[in-house]
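Each of the two complexes below includes chain A, the first together with chain B, the second together with chain C.
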Partner chain A sequence: MQKFSICFISFFVLFSFSMINIFFFSYFVMNNLVYILEWELISFSSMSIVMSILLDWMSLLFMMFVSLISSVVIFYSKSYMSSELNLNRFIILVLLFVFSMILLIISPNIISILLGWDGLGLVSYCLVIYYQNIKSYNAGMLTALSNRVGDVFILMVISWMMNYGSWNYFFYLDFMVNDYMMMMISVMIIMAAMTKSAQIPFSSWLPAAMAAPTPVSALVHSSTLVTAGVYLLIRFNSLLIDMFFFKVLLLLSGLTMFMAGISANYEFDLKKIIALSTLSQLGLMMSILSMGFPDLAFFHLLTHAMFKALLFMCAGVIIHMMNDIQDIRFMGGISNFIPLTCLCLNVSNMALCGIPFLAGFYSKDLILEMVSMSNLNFFIFLLYYVSTGLTMFYSFRLTMYLMINDFNLLSVYNLYDEDYVMLKSMFTLMMMSVLSGSMLMWSIFSYPYMIYLPLNIKLMVIYVSILGAFLGYLMSNMNIYSMNKYLKSYNLSSFLCLMWFMPNLSTYGLNFYFLNYGQLMLKNIDMGWSEFYSGQGLVLILKNYTVFYSFFQMNNNFKIYLFSFVLWVCFLMMFMMIYLNSL
Partner chain B sequence: MMKFLMMMIFMIPLCFKKNMFWMVQMMLFLMMYFFMNLMINVMYYCNLSYMYSCDMLSYGLILLSIWIIILMLMSSESLYKMNFYPNFFMFNLIMLLIMLFLTFSVMNLFMFYLFFESSLIFTLLLIIGWGYQPERIQAGMYFLFYTLFASLPLLLGIFYIFNKMNYIMIYFMKFFNFNLYLLYFSMIMAFLVKMPMYFVHLWLPKAHVEAPVSGSMILAGVMLKLGGYGLLRVLILFQKVGLKLNIIFIIISLLGGFYLSLKCFCQVDIKSLIAYSSVAHMSMVIGGIMTMNYWGFIGSYILMIGHGLCSSGMFCLANINYERLHSRSLYINKGMMSLMPSMSLWWFLLMSSNMAAPPSLNLMGEISLINSLVSWCWLSMFLLMLISFFSAGYSLYLYSYIQHGKFYLGIYSFYMGLSREYLLLMLHWLPLNILIMKIDYFMIWF
Partner chain C sequence: MANVPFLGLKTHSQKVCSLFKRTLRNLEAFYDRRNVYRYQAVLMRERFDKNAQVKDMRVATQLLKQGEEELFLQQHSIPRKFPLSPGGVAYERVVQSPDWVLDYWHPLEKAQYPEYFKRREERKKEFIAMWEKEYGKEEKKDQHH
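The block that comes next holds the complex of A and B.
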């Protein structure tokens, strides 16, 4: 019965779903079909709220990738999470996560996209806080709240789209481009996409979300959560192509790419390095998207999903081997012990760097060549190429630390490469990271891109890669004396290694003010003025009056009171008599 | 409508027999079923009998109050187990239900006022009768006097309208239009205190903290909605003056909603936190009603129903923890996921509904309210964004503080969730998320 565990069943279902999607994808792309299904919830005031499903080659292909990766990840977690008590909870959460992502992929309606969009945020929160420790608690809160910013922007987009009479943004993108409201909508959509895809003001959650179990990281950081923003902007791209904000997005995403690349070089946590490389690749996707090449961004999104999931899975295996130690300074020389895992790791790393004829090469090289062809300034050009070099830099540094340098773990260790459940799932993805680039290139581009470049610019990718690899080699062999040189530029180093202080700014930098303000409000209004002018204050006034009058009544003045009463009655009698006499 | 009234009245003797706790609940379920099958027209008042009637607005709220009363019985099983005056408790609930039913179904504005106030008495009995701590007397006083203080002007306002127009049927109010400032304030202040609006909300956290679980449920579930119902009915009188003065209340409630969401982060008492969060949600409702447009009205209605189910469910959850740990403090209610993993699911579901996650009614309500408020003035967008963002913040704060981390080591004994409790929570959550399929019942009602 072990065979029919929840992992196996989920794997089977998702894998078959993926195969179905391949079939439909090829059918749709061959016949150039788009299906839109609509279920109307309500229609009034000539506004209709619908739940819509859009099936075209893009959504089908993306669903195929998502379900393939998630099926493999679930299969992998059968071994990775085998000692987990609540394995069912874990798998159900992962399935919910995949389900939300699929809902997000297929809905072209800004209301029904919330189902997937919010669902991703919530379920990712549950997955990030899966382990019961403070670090994952904080990381989960940061992730959920950063994503919530995006949700709020989507909610606002709904209110701005109300005037169009429907929330199927699909129909308005071409005709309403010059509308003022569409401009507001696009700004907010960009903000929402930036939170989900962790672009610069919001990027602190992405490395923090590493507190999740590794299979979740493999899923979150490859194909699902972080690509949701990119996917949304791909859908909105036809509208936003010639807007000023897209140039801002280009700058921000270029800077994200650069920042993540540098921070990855300072990092010693295995998973965090990979997370930062994800951030860098997301910056690449976003930036090429904002230059007006949505199909290239989508292409890179898919290939990146494959090798990044593989990279995380390899990292998970290594973390298991290393007795749950994630610090790469403890590792080294593991290619002697676990060659198959290292094979996968190397393939995915090389695909990430864009070594020719692996998956990353097709998309990344094309992107960089299109950048060189485009009419852009030198700064953007520099950001792209330096970041490409940095990718090679940290990948090579990681490889050196993991595989070449000396083994630094405790003297008692147990490395084994016979976990076939993990290996099978990794090999599936390794196949895909080798093949998917060329496969996708053939299937999704109906005509080839024309590239025409001078030789040196054409070879610029190779130059920066070789330079990056060399620097990475040097970095990995630094001794303690050279390391201490960092202290000379301490401020700069901490700026660069703490992701430009973004984690600090988006946690300590923000919450203090709001919490303090809330406390102030609680003290001054709820327990202060409001209470003074209604509850307690009223009691105080009444009490004071009561005391005042009872002072005259209860003390020795009682006889004065009585006397005055008698006097008053006498006066009353007198007046009555006068009055009666006058009748 | 009389048949339901009769049914409830004849349920009163049942309350005083022994061991009839679940019987009463079953009868109420039966009544709920009958009421659900009531023939209801979308646009007009129907089921007119004597002075009772029902349109979509009151239909939904009556359904909500019957449902909440049923669930209150279900959640207060411990009273029955410990024989803590269960008969009188049931009697109290039935009387409360009668009052709520009449409040929502009468057509006469004065009778509405009468039942509106008399429902106060039974809630007060619930709080000071079955509360836990001596402070419940103060909380009851706050509750009573805050609402009474503002509702006497309402009575005078109703008399004024009667004096001017010679009839005060709610249906005919759409033909009147008063352009009087004082009348406007006197007519709506009672409802704003009941909602409660910011600045006059102090009674609510106090009452919630001191009330037993059933008291909290009815307070959050239905009593707050009385105010919203009253506003929805009465504002039609003040269309002109409302255009000038509603801005005051919108601003107070939007700013107040933001401040209240911040205050939620300073709470260490679970019930107080939920109470503050419901005030924050209600402030959005006030904002939506006060814009006096279609989206605002339907949005406030949907959010009232959704919030009634959701916050009532959250109070149930708080009570489930309280029955096990005997504390409402967030510092003691910790790490519950290790102890009650299945209950954690319900915490998460209700928490996520509270922060307006799809597909809950709260989401639909918030979308409608945001639509109405942004179309009223686009600057309200900023406050709405803050409210919406922080609502997620405090919901997650509540959830993660209770569920995550190490559990309190002073726990002596513990028991898992009972099937009654799971059923209770499911009956809160399921309508909240299923009703979105039939959202047109909430969206086309006037």
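The block that comes next holds the complex of A and C.
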């Protein structure tokens, strides 16, 4: 019976689904097919509400990646969550998440996108508050409210799309480009994508969401949910090119990339470091998207999903082994004890840094070279290259803290890999994060990008990477050799450490006022005046009139009551006569 | 850390000890390698020891106030916390609902686990019997106001 636990069944189904998808993907991409299935639900006033499914190579490939990662994560959580009482609830939530994600992926229709989008928001809220302590509740509320902003933008897009009489945005993209009014839609779509992908004004929720269990972070907050915004923009891409707002997006996502890279260097929470690196990579995807290369963004999205899920799973093993300790200041030297996990961790870190011939290299290097080819100003160029260096910087710092330094928690200890379930799932992803880059490179680009650069610009990635690695090494040993640099530049350090104070701004600065206003409304309107006038007030009036009439009835005053009734009827007749006479 | 009441009902020496401990915790957050931390901790201990012989309470209180101020200004943005202590990541993560919650289940819910609840009722009766045998019966008059 143990063999057929809910984890194994879900793993099997999702894994088979991903294999089916990879088969269909290769068939579709070879024959250049696009299938659209439509089912008309209702049609009125020359508007038709259609449920539609779009199958092309992009959706099939993304579905394959989502279901592969989720199957592996579910397999992993059999061991990771084994001490959990509500394992079924957990697995069902993860499956609901996968379902919403797939609904989002396959729909070319803004209404069914809203269904998937809202489902993602709701399920991710439920998963963040899966552990029921105050930290999780706060993080969950921040996540839900930040994502809610995006949901509202999608709702506004739906109401604005009514102008076209159909919500299949897919057919209207080419018309919309020339229509000034329809530019509204693109602005709102960009805003929605920015909330889901945690770009700068909304980025505080992503590190906070690390209060969720680690398998959830691996699946939801690194590889799939946060890329939903990028995917939406990829789908809407032809609408968005040559828009002023896209340039704003380029700036914001570049800043996100930079900010997250810096903050990851100051962070000490293992999961938050990885979350910030996710944020940095999301910024990279968004910015290359806003420069007009949706296929590169999609490519990086897929490879990043693989190695980031793997990185989170390795972090989960380490956290499990250290009895829930996430602070890297307690860790060190673990590569002597869990060599296989550290192997996976190193591979994924290297892939993240873009070390040649791992997954990240193919996408990241291509992106950076396209950036060098484009006519961009120096600031954007600087943001890209500094962020690439920073990626190397925090990855090396993390590696040094975890693997090279001494173990810092106890003086007597024995650490070990607990079982092979987690290792098996990690090795699946490790193979993918080695192979997926080249595999995708060969299969999804129908023709190679022509890149022509001077030698030093071409090697710029290598230069910044080496510099970043060196700085990361220095930084992890900085405290030993000198006085504390953190204290010397305390204000700047805490500014960078706390993500430019963005979590504070989006909780105390923004959400606070709306929540306060909501409480005021609840008190004065919902539980106050509306109750007074509709619910309890009506009861009071009815009761008073009943008391008044029962005075006539109970005291045997029927005569007066009847008399007043007859008198009233007489008056009525009289007025009717007068009225009729006047006609 | 900083919100420990300064004018609490503690003696002066308790306050100084508390300040010293919080300072050490803060140093731990900054200097993560143990040998470096030990060096810094010794330096800090020396600063405390220098003022240990101050007899004038006005000066001592002033020094304590300065110490608290300095600690507040130099607190780490991400203090190092043990996961299961307050403020840590796994604090109160696993909820263990108290036993009496089971008594408030709906009869339909209880009917899903008939054997368990049958035995539970027996156990409760046994426990009450045991209790009454050991401590005597509950006095009835206490229940009235």
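Basically, the second predicted complex is superposed on the first by the 502 of 583 C-alpha atoms of A that agree within 3 Å, B and C clash if a C-alpha of one lies under 4 Å from a C-alpha of the other, contacts with A are read in each partner's own complex, and residues count from 1 in each chain.
By definition in this document, contacts are C-beta pairs under 8 Å (C-beta built on N, C-alpha and C of every residue); 3 or more make two chains touch, one makes a residue touch a chain.
Since the model is a prediction, treat every value here as computed from it, not as a measurement.
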Exercise. After lining up the shared chain so the two structures overlap, which partner does A:F501 touch, if you call chain B first and chain C second: first, second, both or neither?
Worked result: neither
Exercise. Who does A:Y473 touch here: chain B (first), chain C (second), both, or neither?
Worked result: neither
Exercise. Thinking of the overlay built on chain A, is A:D406 touched by chain B (first), by chain C (second), by both, or by neither?
Worked result: second
For this session: Kindly classify A:I134 by the partners it touches after superposition: chain B alone (first), chain C alone (second), both, or neither?
Result: both
Exercise. Which partner does A:L487 reach: the first (chain B), the second (chain C), both, or neither?
Worked result: second
Problem set entry | Partner chain in contact with A:L155 - chain B first, chain C second, else both or neither | first
Problem set entry | Residues on chain A lying within both footprints (that of chain B and that of chain C) | 132, 134
Seminar exercise, completed: Per the touch rule, the chain C residues reaching chain A in their complex are 28-34, 36, 73-74, 76-78, 80-84, 89-95
Seminar exercise, completed: Contacts from chain A onto chain B in the complex sit at residues 41-42, 44-45, 49, 86, 89, 111, 114-115, 118-119, 122, 125-126, 129, 132, 134, 137, 140-141, 144-145, 148-149, 151-153, 155-156, 158-160, 162, 514-515, 517-519, 521-522, 525-526, 530-531, 534-535
For this session: Please give the residue numbers of chain B that touch chain A in the complex, ascending.
Result: 142, 146, 199-200, 202-203, 259, 262-266, 294-295, 335, 337-338, 341, 348, 352, 357-359, 363, 366-367, 370-371, 373-375, 381, 384-385, 388-390, 392-393, 396-397, 400, 404-406, 436-437, 439-440, 443-444
Seminar exercise, completed: The answer for chain A against chain C in the complex is residues 131-136, 211, 266-269, 323-327, 329-330, 405-406, 408, 479-480, 484, 486-487, 490, 493-494, 497-498
